[in-house]
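For reference, the structures are reproduced in the following blocks.
Below are two complexes that have subunit A in common, paired first with subunit B and then with subunit C.
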Partner chain A sequence: MKDSRGYRVFQIVNGAVLLGVVFVTLYPFLNIIAQSFSGETFIRAGQVNLVPLGFNTTTYQLVMGDDTFWRSYGNTVLYTIVATAIAMLLTTTYAYVISKRGIRGRGLLIGIAVFTMFFNGGLIPNYVLISSLGLTNSIWAIVLPNAISVFNLLVMKAFFENLPSELEEAAQIDGLSTYGILLRIVLPLSKAVIATMVLFYAVTFWNSWFQAFLYLNQQELFPVTIYLRNLIAGASTASSLGSGGGDLAQVASNVKAVTMVLTVLPILCVYPFIQRYFVSGVMLGSVKG
Partner chain B sequence: MSLHEPTTAPDGASATGPEAATSAVLAAKARKGERAPKGRAKLSWRKSIRRDWQLYTLVLLPLAFFVIFRYLPMAGNVIAFRRFQPGGSIFGEEWVGLRYVEMFLNDPTFWNVFGNTLTIGLLSLIFAFPAPIILALLLNEVRTRYFKRFVQTLSYLPHFLSIVIIAGMLLQLLSLEGTVNQIVRAVGAEPVPFMQRPEWFRAVYISSEVWQTVGWGTILYLAALTQIDQSLYEAARIDGANRWKQTLHVTLPGIRPTMITLLILNIGTFMAVGFEKILLIYNPLTYPTADVIATYLYRVGLESNNFSYAAAIGMFEAIIGLTLILSANAISRRLVGTSLW
Partner chain C sequence: MSRALLRAGGAGAVLVLGVGLTACGSSAAEEVDITEKTLGAMDSYSVGDQFTATEALSFPVLYSEHPNYPIKDDWLFWQELTERTNVTLEPTIVPMSDYEQKRSLLVGAGDAPVLLPKTYPGQETPFVSSGAVLPVSEYLDLMPNFTDKVERWGLEDNLDTLRQEDGDFYVLPGLHENPWQDYTIAVREDIMAELGLEAPSDWDEFRDVLRAVKAAYPDMYPLSDRFNVPTPGGNFLNIVAMTFGTSAGWGYDDATFDAASGEFEYTGATDEQRDFIEYVASLVDEGLIDPESFTQDDDTAIQKFTTGRSFAISTNAQTIVNDYRPTLDTNVPDAEVGKIPLPAGPAGDVISGATQLENGIMISSAATEREDFVAMMQFVDWLWYSDAGLEFAKWGVEGTTFTKDADGKRVLADDIDFIGLNPGAPKHLQKDFGFSNGVFAYGGPTELLQSTFSDEELEFQDAMAEKESLPLAPPYPFSEGEREQATLLETPLKDYTSQMTLQFILGQRDLGEWDAYLTELEGKGASTYVDLVNGAADRFAEANG
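Here is the complex of A and B:
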């Protein structure tokens, strides 16, 4: 089959447009990476774009020598692990039950979950609730309120529904209880979807900031996103940084770039390996039902 | 699944086991003189709890989650009609009727932020909704598989970033020393402090929204594109349709159900514009265009402690959101036969 001349021209233009898309997508990353290695004077003069000018690693040493930064980083790691564990426990059990077509009340259970996708209590009632539960300034305010993502729940449900039922039947005949079937038959068969869900949740919790912003007001509890947010908002919590000499705002610009790089670094490192799981997860979720 | 549902044959292709069980259950019911509906016999609650109690115990924790963290706050909206005292009951102290509703209906700031919300929502719909469709169509024409994969993979990247990082990048790029102003200077114009200018806010918001969502949005469209029957293209070619005509008459109709589903979802979240992003990038100078319902009620509620008033505004917003998604769904079901449920 041969293409018309017009279509061949289109192919070339199309390739150029798509390369442009890639460049625009990547540019902000390259820009902050360049800034993180640049000298302060060059950023301030508005000369840094893709290539670091006045190359140095002093800013990295400065940020990485800051205890507040590492404590925030540690908090983020802790919150992510605990929140993901809780989320997986709740999501897996609920998804498993609502994947059983025969169970009485299944429609109601699905409805309870799905309705929350379209209607939620809103900011103020949530805030009032968390405060009156006494969760403020504790890890629970971060890890509990968003423990189940209904989207993830439906993805898992769809996966469980597609498992062959014969294995479970055989296990039941062999005398395994429901818990035994879930733990020893279903979960080992669901490693793929479990891995996907863990990644979904972990990335969400790693990136989240608003819960912490609302409910935590002690610096030693802040996750790294709040540390970064405070740098950006100018209310620099990192008083140890840049207070030594010269222009605070100037140092902050550098420090911001480094903090951003260090915050996205874990995500960028795992990204090439995990993105296809995300894609397949989305596809699974789009299966209607 | 037929373990717990001996009465339904899955996919109509199950082994004799479950079917035998079905007839056994039906026979048992008939003996007891119970109602035995055709095909699908429903057990009474007591019986199903006796049979499935282990399954039911599994839902207790997640159900508690939904009740406490999802449904209690919904009920907590009642403080929109009751006076709330910090430290008091989460359901408020005394009825005040529609006082808070009247309050926001007479509040000029409310109508300003309402207008901003509609404008930003509408602009997102106009620009951020079609962008992934266009990108997916362009990707679909790429012949080199590696190149296609390369573009796709990189375009998903922004989806995985924290909104705090995105806000940080925006502020850096648009600062007086940032890349955008480097370009502005290069063409000889005066640099613009974009983040301080209300007239620039919408452009900043929408373009960053497209940047964040366009790549990820293509996934579902690209999947829909692979589902299109290739013989339709052949038929179109035989009828003399060129590439453009094929796109118009085969490709677009092929992805129409996906487009409509995503459109409904977008309309449903119309009012819930990117609250977190706005909260991070707006400032008092840009309030005239940047302040939306969600950010306003955040300030009213949590910075000025008018909980009841803010709850009334929030409830209004949530009801509009629910109405929007229900009507969009109903309209599309009637007009094009595609709906979410």
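Here is the complex of A and C:
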């Protein structure tokens, strides 16, 4: 069947608008990539747009030759993996429990979680807590405090609630224990939501800097986000305050660009692999009417 | 300036409130017996002595991590420091980007290291009432070098500006022998030469220079400025207002002292402020300033300057070398750029006297409980205030990182690079040795300060040295209740004044409405604020003579 004229016009306009959105979204990123390969003077003069000018890779060699950068990078990878693993374990089990309607104390468990969405002790009490627990200057200060994101928890709970209860009943009749049901039936059916949660958590932990800033006092423990933030924000803070004493932070713009590219690259690569799990209808056909 | 700095740290404001609530209730004036706290201290320690602890000591210190020279354990600085003083520093490392916030957090949580450097005068105020920081002025007898420099360089009045309501001060500032003006305007010297123009000596001549440039190059903005974050016109309005006898830009202070009447006035309402606004408005009116000059970001302004689209821009010694010259050389091969000496204004040929105090060290009040308290004060005195300590922190070790020639001029070792002294050398004074580190090296004798300056900068500084420094306003430390009230008034007043100043300057509001503007200021509590200031100043003068 031929599309109507109006529909074709709509498709063209739609495509054009969306392409525009894509361009606007991608432009800053492409600009940073172009800057990372450009000469400093061209960036300063504001001439670099989408194509690198004064093409060079010396900045990449410079940044990649920096021990501090790689150590921070390694820390970020470690923190992200450990934190995501812990977060997934805790979130999945918690969500599974509170998705069971009949369970006693369910309302309380949900209440406790939701309460923390709206209230918290504040910065200094939190710091005192973490520090009294002896967690400062260790990986645990980064991976434990935010292990459960209540938002993710509620999303997962909703997903589990929508799983057909007949499946679990069938498994029960066939002799599976509660844990067996979770591990062998529920989790394999939940790949979509698990992939989504892994992505959410991993991106959050990869990008987070505030926990590390609060609880870590040693440079060898800093994640790369702290390194990057200091590079970018440190530079502008000092000069905007007009600080004297020859201690202005002058960081070349191409160094900033290279660091940014290297920092976002891994997490950017994760997307295409996880994206295929963002599909609906995993459940179709599992229960025959 | 210091107040502007304090306010700029708005992000820390919430934290700062927290400090007042959580810190323990010990009174600041509590007497502490320190006669027993002499572990490792030297019995006799005076000016010229090398401080060496009689037994090995270590002091925790908050350390601001600079992105350009990440801290390394094997820096010669640490080794040599321990060798000379028998003291090891234990740094708590905080990224420079969020240093203030972390400092507030640690002090508030009672977890702060004893030494808290890089505290700008004014930043200590929020901690005073909680008793979390030490009234250092009570322990100056332990610090012979500090007191000696204050006396010899005549800095008592400057120190008075740091005093709180109880008459004590809570931060040990960095000390400069002379006032130091770094910021001014950079101009295209090749165009000046081409048009036969002389460097302007006052602001009227400055306007003439801009006019001449505009006539010769109608497509060029004579002035297109930067430093607009967080305060629009940060530097330019600051330096112009300063020489008009008022304040604006990043140096803006709500209260201005009028020496004739001996009273404070509201800055935005003074006649000087009006003259200053009229002057800058005339520049805008004649098209001598880029209309975006007060709002554009630094990069845009730099781009205009370095591609030859503007003639003048604000600068300090570093930006001229780092931001302007290299790019300008590529884009406009014949261009020459240089600083002009700060022009004089109606208030005379003056610079601010407040620049003799630098950022400095706050000490946690828990320090007095340490057995080695006396040794710690002696150590601080040696490293930050003795001639030997200052030279060590800045230049390093004689024979290793630098040598002295016959005239006593310091020469950096050949294989070491530092701010363009030996470009391309394999090692770097800051990155590989840890010297000239912003945490430890600042202030000191003019000779030391200028020892790393280029010839062109020395010439500028010589011109600046001939200027008079403006008298300092008397201190007006608020009581806690007054501070609360003042804070409520201060910010809206400041914002409104800054907004209206810009509107007048840009011609969006006619100067004929000046009286209406004064009434509006009144409505926002300008005179209540000034009364508070005058009250506090009188009380302080009475209590402290």
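Note that in this section the second predicted complex is superposed on the first by the 225 of 289 C-alpha atoms of A that agree within 3 Å, B and C clash if a C-alpha of one lies under 4 Å from a C-alpha of the other, contacts with A are read in each partner's own complex, and residues count from 1 in each chain.
Here is the rule we go by: a contact is a pair of C-beta atoms (placed from the backbone, for glycine too) under 8 Å apart; a residue touches a chain by one contact, two chains touch by 3 or more.
Note that the structure is predicted; figures quoted are calculated from it, not measured.
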Contacts for A:Met64 in the overlay, against subunit B (first) and subunit C (second): which applies, first, second, both or neither?
neither
Could you look at A:Ile81 and tell me whether it touches subunit B, subunit C, both or neither (first, second, both, neither)?
neither
One more residue to check, A:Val51. First (subunit B), second (subunit C), both or neither?
neither
Check whether A:Asn217 is in contact with subunit B, with subunit C, with both or with neither, and answer first, second, both or neither.
second
Would you check which partner chain A:Ile267 touches, where first means subunit B only, second means subunit C only, and both and neither mean what they say?
first
If we overlay the two complexes on their shared chain A, which of subunit B and subunit C does A:Asn120 touch? Say first, second, both or neither.
first
Just subunit B (first), just subunit C (second), both, or neither: which does A:Ala195 touch?
neither
Is A:Ile103 touching anything from subunit B or subunit C once the two structures are fitted on A? First, second, both or neither.
first
Does the superposition put A:Gln275 against subunit B (first), subunit C (second), both, or neither?
first
Identify the overlap between the subunit B-contacting and the subunit C-contacting residues of subunit A.
44-46, 122-125, 127-128, 214, 229, 232-233
For subunit B, which residues are in contact with subunit A within the complex?
1-8, 10, 14-15, 17-18, 42-43, 45, 48-49, 52, 54-56, 58-59, 61-63, 65-66, 68-77, 79, 84, 90, 135, 138-139, 141-143, 147, 150-151, 153-158, 160-165, 167-169, 171-173, 175-179, 181-182, 185, 211, 214-215, 219-220, 223, 242-243, 268, 276, 279-280, 294, 297-298, 301-302, 307, 310-311, 314-315, 317-318, 321-322, 325
Which residues, counting only subunit C, touch subunit A once they are in their complex?
1, 5, 8, 14-15, 18-19, 22, 65-68, 70-71, 92-98, 102, 105, 108-111, 174, 180, 182-183, 227, 229-230, 234-235, 250, 298-300, 302-303, 306-307, 316-319, 322-323, 326-327, 330-331, 355, 358-359, 419, 436, 438, 441-443, 452
Give every residue of subunit A touching subunit C within the complex, in rising order.
40-41, 44-46, 68, 122-125, 127-128, 131, 213-214, 217-219, 222, 226-227, 229-251
Quick one: which bits of subunit A touch subunit B in the complex? Just the residue numbers, please.
3-4, 6-7, 10-11, 14-15, 17-19, 21-22, 24-29, 31-32, 35, 43-49, 89-91, 93-94, 96-105, 109, 112-113, 116, 118-129, 132, 144-148, 161, 165-166, 168-169, 172, 177-179, 181-182, 203, 206-210, 214, 225, 228-229, 232-233, 253, 256-257, 260, 263-264, 267, 271-272, 275, 278-279, 282-283, 286
